[in-house]
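Below is one structure, written out as structure tokens; the observations come after it.
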Amino acid sequence: MSATIGRTRWALPDGHIPAWSHGPEPEMTSHESVCILNAGETEAHVEITVFFSDRAPAGPYRITVASKRTRHIRFNDLKDPEMIPRGIDYASIIQSDVPIVVQQTRLDSRQAQNALISTIAYSG
Amino acid sequence: MSATIGRTRWALPDGHIPAWSHGPEPEMTSHESVCILNAGETEAHVEITVFFSDRAPAGPYRITVASKRTRHIRFNDLKDPEMIPRGIDYASIIQSDVPIVVQQTRLDSRQAQNALISTIAYSG
Amino acid sequence: MSATIGRTRWALPDGHIPAWSHGPEPEMTSHESVCILNAGETEAHVEITVFFSDRAPAGPYRITVASKRTRHIRFNDLKDPEMIPRGIDYASIIQSDVPIVVQQTRLDSRQAQNALISTIAYSG
Amino acid sequence: MSATIGRTRWALPDGHIPAWSHGPEPEMTSHESVCILNAGETEAHVEITVFFSDRAPAGPYRITVASKRTRHIRFNDLKDPEMIPRGIDYASIIQSDVPIVVQQTRLDSRQAQNALISTIAYSG
């Protein structure tokens, strides 16, 4: 049985890094993560494109996920080619050269107690 | 590679705008959003139909999403042809003339700390 | 274009009605809901079967969803053929004679501030 | 009609057991659960493989789910062949010899009020 699972193209329409935070850093810093599983035998070369409501897309942001590894990447930490502003609406497409699985998670600590969301991304 | 991703027909069975809110507006106002990504080359003409438990559907609510843009729209803000009442159960179908991807997110601030849900919509 | 969308068979592996609650009833009562959209032209006859970890399944619970209507039903309120205990693990299958779309939402108010989850059910 | 529903291979990219907790045990202990429904006529033999960011995968963790039963298993409780550390990023693949349905849920009680996430796993 092959270890490979997933698709090469994923989308996340609801991107948002909450504009402020409560609680100890870095755990409780408001953030949004894209979590990637590469269960296959080959290193994955991933490109993330970020879409906005009022300007042209940013990216690609290039990420490598080794064979049989996972990476959970905060959109907060993406810096090249440009940072993603806090408190605005965005969306993203995650494109890989080998099958991967993608899940989104956001921690919102704008109020004193954190709130969380998570969903498997759309693959198409 | 084409930039297009998605489907033209999406459904969200659990619609609900919480009836009251805590915290600063507009960020902490209880709301439900439909987040649409149009990654393609053509403007998307989207129609939302809202279903209720005890009356005929409302709509269509017409929305345009430009090529390579995202729009995060609060159901709270839909006014034409009619507003959606707070505190009742509804559902929605999102229909587009070109492929889009749809995600739902709700912020519920009825208690002092906000709670969040999010899911990719059903495409069929 | 036909208004119909969905599938006839859905599953929700993580069923759980939290055992206690904080806050005003009925809004803040801990509960789990199955939200059904019947966008089609024909009334849907739905049967829910509930699975447990240590006993035979319960049900079917019979529900009707009119054409072009949604129903958001609390598992808390299912009584025939038997109630679902609070604080235990269960799962459910939702079977319909016409296509429907199903989403699960849980409100957990065991602590003073409510937490929420939601996901589109699995259709197969 | 067959009672069987589901797939034999599922993935969850965002695994994380929060590193600390508030509130009464075991309900409010921070945890992550994999919820499995086996609606079929045959016992399911399930193997979970856990992937990390910086080391080889762990497992398989072997679980049995009886016919027409559900099991909600905390990753916290997996001990053989090794425990999963708290506070680190992981991912998982759930493989079964018969069709099952898989949903992930996490309770995060690092702050005084719990937060929850849940999603149907990716099946591929």
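Residue numbering begins at 1 within each chain, and the chains themselves are lettered A, B, C and D in the order written.
Just so it is clear, a residue touches a chain if its C-beta (ideal position, glycine included) is under 8 Å from a C-beta of that chain, and two chains touch if they have at least 3 such contacts.
As the structure is a prediction and not an experimental result, all values here were calculated from the model.
Colleague: Looking at CA centres, what chain is most distant from chain B?
Modeller: Farthest by centroid: D.
Colleague: Taking all residue numbers at the chain C/chain D interface, are over half used by both copies (same) or under half (different)?
Modeller: Different, since most residue numbers here occur in only one copy.
Colleague: Calculate how many whole Å lie between the centre of chain A and the centre of chain D, each centre taken as the average of the chain's C-alpha atoms.
Modeller: The computed centroid separation for chain A versus chain D comes out at 21 Å.
Colleague: Which positions in chain D touch two or more other chains at once?
Modeller: 104, 112-113, 115-120
Colleague: Spell out the part of chain C that touches chain D in their complex, as residue ranges.
Modeller: For this pair, the touching residues of chain C are 9, 11-16, 19, 49, 51-54, 56-57, 89-91, 93, 95, 104, 106, 108, 110-113, 115-122, 124.
Colleague: For the complex, which residues does chain B have touching chain A?
Modeller: Chain B reaches chain A through residues 1, 3, 5-7, 23, 27-28, 33, 35-37, 39, 68-72, 99, 101-105, 107, 112-120, 123.
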